[in-house]
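What follows is chain A paired twice: with chain B in the first complex and chain C in the second.
Let's look at the complex of A and B:
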């Protein structure tokens, strides 16, 4: 009996048909493809997009030029210089160079940042393509660019 | 074959001597992806090395993190909070699922079953999403820190992990329907790439490939680390030693991993997620070796410290590199077209071989 059933199974290609049934179910099943760029998948809260500097609600930069991010960085992305603001006695960055091409998106700089809320954070921006290599090097003003302005910067728009 | 060949999983060159279709001799040439990682680490602090280890076995980043972090913590004599240990286990097992599913896709694709590649990658995406929600990275996760884990698991994420685990058995069953009894698959895998238990031990084979040859050796069970002794799971062992058995062992490992994650989620203790670690990490002088059971096999780190904040020497025992050594033995006497399947069954990652 066992032999007969095995012969029948082999003869009628049961194993192959079973496999084809699975493939057909996927063919008529729910589609999981996302039509980028019309649809964009929402990014999770801790998504590691491009690093950006942030300002507080009054429009003042949060960065205090303590260089903790530079010390934490394993790939030497940062070059920072700060001066003491004579009025408020706090340090402010005058030079904040960051190299996107060296960045490994490990997040050590964000963890090291001592300000609250953190001055340097990952944004949700994942589009970082550019045809000009010099656009991978950011200066202080470029570090605040976001959205369309950032894309303009990547595409070689006026360097602010 | 190679270095630019779609079935070598990267840039691996194989010097193959053949007699018509029969393989006489095979000689792997490695080093095309050499980035000088071990030397580079000597110029980085311990905390900075952790994200670099993501780039070794890029299919299973958390496992690399875990091996290095445990080695450093062993050297420091640091006690890790129980909750952090459990979260580590959960992350490492999710990474094992992702790695095995990716392997399943690659391997089936090498042999010619392209739909399995698509299914396997779709299933793996669930687990990469979990890692992305947890730490922000899909592939290079940087999910662990020296002293614990960076983030806590919240209810929403735990619910998502449970849901993914519940969906998995059905998806695995689909893949099994496509492969396990399929006559083409069996013809291409059964009795191919044979290696006996004695030879496997002699060649230092580890991981699922060793267990498919009939040696019950799993570091999670035999030398438990990071609280693996708290969980009840089985180590699948088969005796065939061929490609088909390696496939079955990995499928069973996927099931056992889901068991471990479920238990860890159920028993997840409350408490801290980070031990007390100074901001500038100075490790006492000394040397240490610690190995874990990575998805590919035994992954070990040797770390020597001279008391500063940077390691004096880090040496890595990577499972892919050592498993690749037994490829010539497995291929001997097989057909040329089987090389691809045997290579696939070893589950190598070139980032780990060349470092």
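Let's look at the complex of A and C:
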């Protein structure tokens, strides 16, 4: 009986018709393609994009030029100098050079950062292509760039 | 008077010849787009949708790329056969279209414009024969490349087509027995008189023919001669540029040809559906050519649909399917059809 039913199933192409139904369902189903330049995949929570310096809610820089990131860095990406702000008596960086071409995205600098919230953090930006190698060397003002300004920087636009 | 003579004797035949060459090319362009989009949609992807509206210009971009590509022939190749092979494949596919009726004759005054180039009393045989010639192109291409993967592809192709020609012949015979003619136009006319399409009268013939036709056009799941995971690209591995494009176009033209044959033999060619239902009489207003196109588009879609669904057969399974299942089934079907036809 089992043999007969199996034969009938094969003979009338039941499984092939079922397969065709499956592909037809996919045909009208939801597509998983993300059309890249228009849509960007949402990045995971701990995504390691390009490093960025952050400011607090009032627009004041968080960095206190303690150079902990520089000491933690395994590849010597950083060159930092700070001066004491006479008014608030806190250290602020006046020079913050960072080399993207040396960075291994290990995250040691982020771990070492003592401020709360952390001054240096990974951003969600993953578009770091540039045709000019000098664009891989960031200075203090470049470290705050994001989004379109950062892309303009990479494309060789004005170093704002 | 001489003016109209010139039109009927020269312009219309030349126009038909141009149309017969352009028609498979146009269908190829449509098919390349359709295949890439439909397979993508069935795999939950979007497919090419950037070049033109919904990617409709993608085939032109592909063709342009092929035009510009360097035409390479390696030193060890047999130069004559290497050049003949793509021409032979293309020639056989295009020539067969001369005998395919695309629609009912159109009356212009006293002149009757037939939508086919030649109506031959042995049209079906000619078309099948010509479509079989293309296998020579495949063999020559594989042999002349002087390379192992094309040779393997060509060998597979020979065995496959030898196996699948037999069920095709047997199922075609059952249609011929009912139509009492091997003239393609006559077969359609007979379906028009019988008011039923042979596909519904002879379902077994249709299914066997369709499976064999997929195998003969080297399409998935029977695309072993060009199985890219095993043989790089099969018999056209060593071809590039326009020679490769010839193989590519010929393959799609062959698919269009086989779909046309299925439509003509089993689904009434240019006839409107539901001839018996008076409520659907308005369908006859639509010209036959449109019905023919709609029908072959369905079968071309079915090709792509099957390709997106089924994995490739192993070679011994393919041969077993042909010799142990399709040929006995086709023989039995032929016997039954012949008996019924004898009694009726």
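The rule we apply is simple: the second predicted complex is superposed on the first by the 127 of 160 C-alpha atoms of A that agree within 3 Å, B and C clash if a C-alpha of one lies under 4 Å from a C-alpha of the other, contacts with A are read in each partner's own complex, and residues count from 1 in each chain.
Just so it is clear, a residue touches a chain if its C-beta (ideal position, glycine included) is under 8 Å from a C-beta of that chain, and two chains touch if they have at least 3 such contacts.
Nothing here was measured: the structure is a model prediction, and the numbers come from that model.
Once chain A of one complex is fitted onto chain A of the other, the partner contacts of A:32 extend to both chain B and chain C.
The partner of chain A that touches more of its residues, comparing chain B with chain C, is B.
Legend: residue contacts after superposition of the two complexes on their common chain; A:19 is shown touching both chain B and chain C. By the touch criterion stated above, A:104 is placed in contact with chain B alone, chain C being left untouched.
Looking at the shared chain after the overlay, A:45 reaches chain B, while chain C stays out of its contact range. Taken together, the two complexes place residues 16, 19, 22-23, 26, 32 of chain A in contact with chain B and also with chain C.
Every residue of chain B that touches chain A in the complex is listed here, in rising order: 44-45, 47-52, 54, 115, 119, 122, 129, 132-137, 140, 142, 150-151, 174, 177-179, 181-183.
On the chain A side of its complex with chain B, the touching residues are 10, 15-16, 18-19, 21-23, 26, 32, 44-48, 72-74, 104-108, 111, 122. By the touch rule above, chain C contacts chain A in their complex via residues 38, 41-46, 207, 305-306, 308-310.
Every residue of chain A that touches chain C in the complex is listed here, in rising order: 13, 16, 19-20, 22-24, 26-27, 29-33, 35.
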